[in-house]
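The structures considered in this document are given below.
Two complexes are shown next, each including chain A; its partner changes from chain B in the first to chain C in the second.
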Partner chain A sequence: MMSKISKSMILIIGLMLLYIPIIIVCLLSFNDSMRPYEFNGFTLKWYQAIFTDKSLFNAIINTWLIALCAMIISTTAGTFIALQISKLKQKYKPLVMFLNNMPILNADIVTGISLMIIFSILGFSFGKYTMLLAHVFFCTPFVVLSILPRLKQLDDNAYDAARDLGCSHFQAIIKVIIPAIKIGIITGALIAFTMSIDDFIISYYTTGSGFSNFSTWIYSRLNRRTFNPAAYAYNTIIILGSLLTLVYINLNSKGGKKIEKN
Partner chain B sequence: MKTPNIILPLYLIWLIILVFIPFLLMIFLAFSHTNGLDFSHIRFSLINFKEIADPIYFNAYLNSIILSASASLLCLLIGYPIALIISKIKKNSLRNIILIMFILPMWSNMLIRIMGWEILFNPNSILNVLGISLDLIGSPLAIIIGMVSTYLPFMIFPIYTAINKLDQALIEASYDLGANKRQTFRKVILPLSLPGIYSGLTMVFLPSATNFALPERLSGGNIVLLGNLINSNFGKTFNYGFGSLLSVILITIIFITMIFINHKDKDGDLLI
Partner chain C sequence: MKKLIELKNITKSFDEQIILDDFNLYINENEFITLVGPSGCGKTTLLRIIGGFENTDEGHVVFDNQDITKLAPNDRQINTVFQKYALFPHLNVYDNIAFGLRLKKRDEQEINELVKWSLKLVNLSNYEQRDIDRLSGGQQQRVAIARAIVNKPKVLLLDEPLGALDLKLRQNMQYELKELQKKLHITFVFVTHDQEEALSMSDTVVVMNNGQIQQIGTPEDIYNEPKNRFVANFIGESNIIPGKYLGNKLVEFENAIFECVDTNFKENELCDVVIRPEDFDVVNLENAKIKGIVTDKVFKGVHYELCLDVNNKEYIIHTYEDAQIGSTIGLNVDAFEIHLMKVNSLENA
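Up next, the complex of A and B:
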């Protein structure tokens, strides 16, 4: 229906829209000048500056800690919540799913403000714990959503069979159910991590003055015009790092398939 | 599993506390005149409703609708063919690589990506080396490009999932019954991928209209969208009443969309 040329054209347009800003930032991370409109020569000093700019370095560490904690908590909770939802009577399911999907479809700014209002009414002091709570809040629904389809495919008798064969309730879940829905759990964990590490708006509303993640750090620096291009360097490391990891995984899984065929 | 578990009721209570109680509070705040969350001087008032109709805000409403709608439409026009092309790739490894290429940019920080465009759109940019000056900052086009670039993956993936879920036998049946490629697309593939399209449109439109950082950076503060309006009322002027009213309207729109999407997409798996 589409010619080969128009197919590649549309793919290229899509990829250009996504990659142009990333490439610009990557170029600037090697630029010796502070000003983004002139190129003074190649440098690696911004890569060093990631470690010397204390506030940036802390923000990066915070981002990773929050993302890891949020991922672990939301994946664990989400798995058990999904297990419970799958056992619900059909008539309750739509309501529960509606509640679950609300944070996903809600605009970030509304979620952020909602959490800010409720946290301040509850008297929480804003900082890392409120931000973590907020991240767990918006990550968990994604985990639930990615696990539920896997549970649907699961044979209803698998759990009973495990119990008949002598497993305890706990063993049946750990040894039979969890391995069967493993892909859903991993997908959910990855989505949770991605959402958390890239979040700006919700973090902005739920953190206190002393605690920032990478996004809120950038935003505050942009408005104060004390931006450090080391942030470009960090972003480039992340993109290149994930690219290499994905290429590695892809090559490895191809190798695995070859072995299987042999 | 027969053992009753406490975690689901707890989760529902948690969702109600964090979603619906704030929503009720916002409705309450929308009908009151207050400064911040200071409940001691709170009084009933319809001042926020008067403020929302103030013509100085019309531009923000109009901008939000026009710019976000254009971005959503562009995302659909670019994203649908891409989703279709990816789903038609037969070789697994090639398909995975192209899928990954569309996921990878999401791991770059959103603000950094917006800054990338900002740097490019400035009259003085790296492009001056080539003798080009885009000078787009402050133009609606800059904001639309920024939105499409930021949210395009959110259009591609729901549509891709919807097309992938489609029963191949239906497409074969359509060919067997004499339909050509174009007819098969129009009468089989397109209607069956509509849930993905609805999902994608929502996932692009709402964030576009409410992301306050994007217009701030790409318009130099000249173009104000709904998100900026809400943000400035909560963050700068502490006019929580007006900010709440805007949020309540937004939530109502989201509710209606959700009911619509829930109706079209029973499994709910097109949201991710």
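Up next, the complex of A and C:
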């Protein structure tokens, strides 16, 4: 009996450790006080403040714009790179895969600093374009990695079959290859999007001239007395958004399985 | 008969390994021609060259008197049934079959009729809306065939299409494919490594090895009169025995003289004698020209397969009667069952 109780205690403590920080952020977003250590009553004004604090609102918009653009560019690039890798001769594949995986394994700080050095050597002016470029750089390998297994599953002759039935090279890619690896592309795009929205370190080293995304904005304000709790409100919205998405996906995939059984 | 496809001096190599070596072949209209050979003999490469999926290093592909060597696959009046079917998993049966017609911008009404027609031909009516991954291997095979023939090509290329099916299904499909070819009047170019399949389906069999043709002929020719050791061994089982042609339709082997039907040998020329296992007659020992000791015996259903030791050479014979291992039995061979091959056609197999 004792061991059963202690086991469930461990589970509860573990879960609490995971969720308390999230819950605190949610609570703070409703706190009618600028200071996190005192609770003055319930308010929704921080949710409104997201839109009125111009620098915060800009940072949020920047984050989403960078993430969207990085997703589109890295998914397109990653798809074509994956297609080329799958056409390579078997003996070259391990080398190319190694080169693809290297940036993934690299520490963000190394990636960030090396990109910063390259951009300054090339004389780029730091700002939104360097940050976007950096995001594309670290997202693309993930896209490649999520598409390659789909291409491997594809029948060796799928492309030939499309050509055989009258497709030009381009039509064969659009009408047969892309739809067949669609799930890999979507997965890759989602990974790229979340990677970009999450990123702080690489963004920090590759941005400049007053351009900040949400994470660099928070970093620039952390030790000020005027830290705007609207950031908590935005975080709460993000948490709710991901939670709802997860619930929706779970419900849907269960429904899908039921249909398959019939 | 009209020549539909001519392959002239085709040479092809991958990574400096020669796959096809100065290969020449013509294919007639409405012919069921089978390319058969061990894996790596170049038969699939040849099919891919006809389909336009591989370029040739040298040589020309002529189709209906036009040089199509450089023509892209989508511009050829040829369709292919691929080894693992290569159906499009994101489309259902109907859309897979309609794929080629839609690219040709036929109107939907006509497409609908043609898809139904082709599904009926392969006995898959009412499967239009099925997803590909919910079909069995045999059904996928039929969809792949329907997807190709719905375009009414002049030539259908089939790359080991029955390889993944189990024996019973394979035999049914062999029969159905043959019927389909007769019904549609399309030239079929069929690739297989299964010699039995080649014999039972084809009008013409092309036996290939090391990128070269070993023999072309009707199934009967190939089986009864193999040109060299490779063909004799690859197509069916054979006993190949060294002998000497004595002239006057007489041949000597195993210290006995036999009548035969071949004549194109010089007197006392050495030759290889080919006798199929089923062509031996088991006779009484006093009438026998060859005697052998039974060393092994396998029951095959219709017949027994016996291994015999004849003067320290191993013979394989098929017989309906049982024999004891260790016993001596007598053999005889009729003149028309003996086939002689030139020794200089020696092709090690």
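Quick note on the criterion: the second predicted complex is superposed on the first by the 223 of 262 C-alpha atoms of A that agree within 3 Å, B and C clash if a C-alpha of one lies under 4 Å from a C-alpha of the other, contacts with A are read in each partner's own complex, and residues count from 1 in each chain.
One rule holds for everything that comes next: contacts are C-beta pairs under 8 Å (C-beta built on N, C-alpha and C of every residue); 3 or more make two chains touch, one makes a residue touch a chain.
Keep in mind it's a predicted model, so treat the numbers as computed, not measured.
Because the two structures share chain A, they can be overlaid on it, and in that overlay chain B and chain C fit beside each other without clashing. In the superposed pair of complexes, A:45 makes contact with neither chain B nor chain C.
Shared-chain residue A:214: touches chain B; no touch with chain C. The partner that reaches more residues of chain A, of the two candidates chain B and chain C, is B. After overlaying the two complexes on the shared chain, residue contacts for A:194 are found with chain B alone; chain C is out of touch. Shared-chain residue A:179: touches chain C; no touch with chain B. The overlay of the two complexes leaves chain B and chain C separated by a minimum Cα distance of 9 Å.
Judged by the document's definition of touching, no chain A residue lies at the interface with chain B and also at the interface with chain C.
Chain A contributes residues 155-158, 160-168, 171, 175-176, 179-180, 182 to its touches with chain C in the complex.
Remark: chain A residues 1-2, 7, 10-11, 13-15, 17-25, 27-28, 36-37, 39, 77, 80-81, 83-85, 87-88, 94, 96-110, 113-118, 120-121, 137, 140, 142, 145-146, 148-149, 152, 159, 169, 173, 191, 194, 197-198, 200-201, 205, 214-215, 218-219, 222, 231-232, 235, 238-239, 242-243, 246, 250, 254 touch chain B in the complex. Interface residues of chain B, counted against chain A in their complex, comprise 1, 3, 5, 7-8, 11-12, 14-19, 21-23, 25-26, 37, 78-79, 81-82, 85, 93, 96-98, 100-102, 104-117, 119-120, 122, 124-126, 128-129, 145, 148-149, 152-153, 156, 181-182, 185, 202, 206-207, 209-213, 217, 227, 230-231, 234, 243, 247, 250-251, 254, 257-258, 261-262, 267-269, 271-272. Partner chain A is touched in their complex by these residues of chain C: 48, 51-53, 72-74, 78-80, 82-91, 99-100, 103-104, 147-148, 151.
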